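What follows is a set of structures to go through.
Here chain A shows up in two complexes: once beside chain B, once beside chain C.
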Partner chain A sequence: MADSLTIRRVSASPDAFIPISALRSGGPTYAKLVDIGACIGCKGCEVACKEWNDLGVEPTANFGSYQSHRDLSPKTWLLMRFNEVEVDGNLNWLIKKDACLHCEDPGCLFSCPAPGAIVQYTNGIVDFNQESCIGCQYCVTGCPFDIPRFDASTRKVSKCNMCVDRVEAGLEPACVKTCPTNAISWGSKHDMLALADQKVETLQSRGYANAAVYNPAGVGGTHMMYVVPHGDRLADYSLPSDPTASPAPMTGLMFMKRLGAWMMGFGVLGALVHFLRYGPERLDEHGDHRDHGDGPAREAPSARLGGHDGHGDGPARQAPSA
Partner chain B sequence: MAERLLTRFSFFERILHWVVGVTFVLLLATGLAFAYPALFWLTALLGGGPSARVLHPWVGVLFTAGMAAMIVVWFRDMFLSDSDRRWLRAVRAYATRDSANVPPAGKYNAGQKMFFWVQGALAVVFVASGVALWFPAAFGASFLQWMRLAHYLATLGGGLFLIVHVYLGTVAYPGTARAMIDGTVTERWARHHHPRWHEEQTRP
Partner chain C sequence: MDISRRTFIKAAAGGAVGVSALGFDLRPAQAAVRQLKIRNATEYRTVCPYCAVGCGTIAYVHGSGGLNTRNTVIHVEGDPDSPINGGTLCPKGASQMELAISPRLRHQPLLRRAGAADWEEVDWDTAMDWFARKFKDSRDASFRERDDAGRVVNRADGIAWVGSATVSNEDAYLITKTMRAMGLVYIDHQARI
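Take a look at the complex of A and B:
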């Protein structure tokens, strides 16, 4: 575990897009695998998350669902969403373990303007450093899964950090540890992909023909993956079918920023070159031979005449010569 | 003999100009800091990253107020006339100091008028996208991404125009900047740069 906190990417730095780890062979990356088919909806993982991360209680009220809270919050990093969906005439809970998916290509990190506020470790975990966060919430905009939450009182954003402090010490995340049905597994990404395939096969043999692994390619794969029994109903699980880390406006913004830097640089350079070529304008070179002295004495400024100052379109007049 | 001075901008106009000028430069500096990690240190102008993020929109409110007042005060003087269109076609002569071929300008030449309208239009883009980015919770992620792009493009346009504006107003044309400091210009300056305005101002 020695290199589990080796940094792979850092927000708002050259290392955001060209990972540091590209310099050497990376170590093992971890992944969490959530088998939604094995989840019994006990919400023990929510409690374990709150306890380990010391997030405190957020009072909630019954709003007609088995779900504990309506939404994620700065103090609720994990929420089991109980999506009530009718499948083949039967009511089903298409549960989603709503928390950070720890994308291989993290849209939040790419969007972040604050150097060091978001880091990705070589082990795959994407973590927010609140001390560097400036509270702009661009990460919220960049996340294709709507995970980061802004705390208006601290003006910082937070989300699941995959219990990075546990992982660094060689332990599994708290939610994995507490799950009574082993619906959440933990291991290397390689092993979890193999396990996922096995689980999908089992589900298919039991009649869930559309069972699938959720490890979307648009974000380079994720370090929390799902096995969904109804792979044809991703929307019902509140899972985006094709999330992307580089949507069109952000790709455009990145391109324009690069082009814009050159344009502004050449703008300054252009003004400098113009100045070297033409210099400060000297009025007496242009046919104005009036004797002049730039003494400080100032005569009364002429009164402004009424009406608008000439934007009229009279014939071009010569300036009076006296 | 002392040069006679003409009043070009009133005290109020100068105040407006500098409210917009100072706030725009602060906004540009902190905006570029948010856009370019290499310039992140510019957030120090507004007290560091988190405080720059808090203050940038409020400086924007001041900028918006100044800009709005400026538009109200000046827009009547800024409509393009046929002579301005001739000026625009002769912009090359203007840029190369070939003043014999530059159609005589009134109080504002066509370049200044275009600067006014372009900055006015960019201000609308700044404010519209800026409000969305100020309160991101009220908007969808995709919309906000487009607003980031719009806000950046306005920054780029405004930044480029600022370079030209400052260059022409200071070192390129000595005697110009004082119009925004003590509000006056010399008669000779006026006759050369704004002959039709000069004539109006000195007509007995």
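Take a look at the complex of A and C:
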């Protein structure tokens, strides 16, 4: 693995097993800034996403909207949602670039029980590793933005990976590069936050008093942020107003795993101590337990070679002598 | 009381299996990041063939260009050094690789004869002959040597030529020269329609 992809978090894995590279500080933290005020809805980003990631064509049908597909899918990681909303008596497209927001605190990763299936790099990208995915779809439930999509044929979940292969090579994601109106920007999270403030200021000076940055604190901020001209209408952009993600499932799972491992360890240890202290159980020549040899002998229900049930407390069973 | 070597190994193996079954995967946690698919491709700087803007693009190609090799386009994206588009591409431009690799691409000219309802696939010679015949007939029928005032004009009013943003500079030059020589006045371009 390339050094520029330092791992920050791994799903369902205790921190102790994150490799030593996690000790490094990790390099830049990237963010994508989507200025919805500058988007003309050309869907170039959708095409570039499909082209780069070799996602293939999904036939579409007109359903009365300029939107291409009805919903995200395992083969459509990015969808421009054309929300038609009346604002001040005028029809507006409150467009949403619907794709993974790459949360700082990713709900998908926290809820994933498959070790290594979801990885968060220190550069901010949350990536799915389909080889480790067990298809349980907990991430679909755990995502506050409803982004991951389950493929019934491969039984794997997939979503936008922020073109992690490009980012690793020093390139911007495909959607960012192709955007003809500069509505999508790419850079360090710090720079993008500053740019977002500028864009909001510009929008406000042009009469969009409620223009705002969408970088929700409930998930620790996101690595795809939006500048929305109508910040008071987040629901119309199909953006949740207060998304949250809690690491409780992951820490709970970790606790249960540790508990289970300790119990297993103690069980093995206990058996070993018992073995060392009392030694193996010995039978006399009649197949009876030596210490309880006075009980009434009973026919064994089935022929078991050297059979005894391991508990020395029951009545001794008749067993064929070897 | 004595533990045989065999028993000890059994117990140790059982313990290890038990621990890893409970999720303690000792392999280093790694995600399989797909390798950059253009990493060993040859870059060819070219121009988007679709509209008149002329966005600069980079075509990423596999193949050495050797005599026995047919090169394959694997990816096309905007050329960040182009002053026209700075690396950006519209949805049509972003999909332009299909123009080279799409299985739905036609490699034969199609001809719909007069009165026919369907297109038929013809070879290039047939198409060129058909085209030349039509061109000559139209030109002969509509050619005017002099206009109403008696001035020499030598123009073929019955034919128009619509160029395309897909044609290169050199193609455009040849088209203009040839068509002007034929007497065409109505020469226009897709981007103005």
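Here is the rule we use: the second predicted complex is superposed on the first by the 231 of 322 C-alpha atoms of A that agree within 3 Å, B and C clash if a C-alpha of one lies under 4 Å from a C-alpha of the other, contacts with A are read in each partner's own complex, and residues count from 1 in each chain.
Keep this in mind: a residue touches a chain if its C-beta (ideal position, glycine included) is under 8 Å from a C-beta of that chain, and two chains touch if they have at least 3 such contacts.
Keep in mind that this is a model prediction, so the values were computed, not measured.
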With the two structures laid over each other on chain A, which partner does A:P115 touch: chain B (first), chain C (second), both, or neither? both
Taking the superposition on A as described, I'd like to know which of chain B and chain C A:C133 touches: first, second, both or neither. first
Compare chain B and chain C by how many residues of chain A each one touches, and report the one with more. B
Taking the superposition on A as described, I'd like to know which of chain B and chain C A:C42 touches: first, second, both or neither. second
Between chain B (first) and chain C (second), which, if any, makes contact with A:M264: first, second, both or neither? both
Could you tell me if A:L276 is touching chain B, chain C, both of them or neither one (first, second, both, neither)? second
When the two structures are overlaid on chain A, which partner does A:E86 contact: first (chain B), second (chain C), both, or neither? neither
Contact-wise, after the overlay, does A:P247 reach chain B, chain C, both or neither (first, second, both, neither)? first
Looking at A:A12 after the superposition, I want to know if it touches chain B, chain C, both of them or none. Which is it: first, second, both, neither? both
What is the shared patch of chain A, the residues that chain B and chain C both contact? 12-14, 115, 257, 260-261, 264, 268, 271, 275
So, in the complex, the side of chain C touching chain A is made of residues 1-3, 7, 11, 14-15, 18-19, 22-26, 28-37, 39, 75-78, 80, 85, 87-95, 97
Considering only the defined contacts, which chain B positions touch chain A in the complex? 1-7, 33-37, 40, 43, 49-50, 52-54, 76-79, 81-84, 95-97, 99, 103-104, 106-108, 133, 136-137, 141-142, 144-146, 148-149, 152-153, 155-156, 159-160, 163-164, 167, 171-175, 184, 186, 188-189, 191-192, 195-203
The answer for chain A against chain C in the complex is residues 1-2, 5, 7, 10, 12-14, 17-19, 42-44, 46-48, 51-52, 54, 115-116, 119, 127, 129, 131, 164-166, 168-169, 171, 174, 177-180, 182, 257, 260-261, 264-265, 268, 271-272, 275-276, 279
Which residues of chain A touch chain B once you look at their complex with the stated criterion? 12-14, 113-115, 132-138, 140-144, 146, 150, 155, 247, 249-250, 252-253, 256-257, 260-261, 263-264, 267-268, 271, 274-275, 278, 280-281, 283, 286, 288, 290-299, 301-302, 304-305, 308-314, 316-320
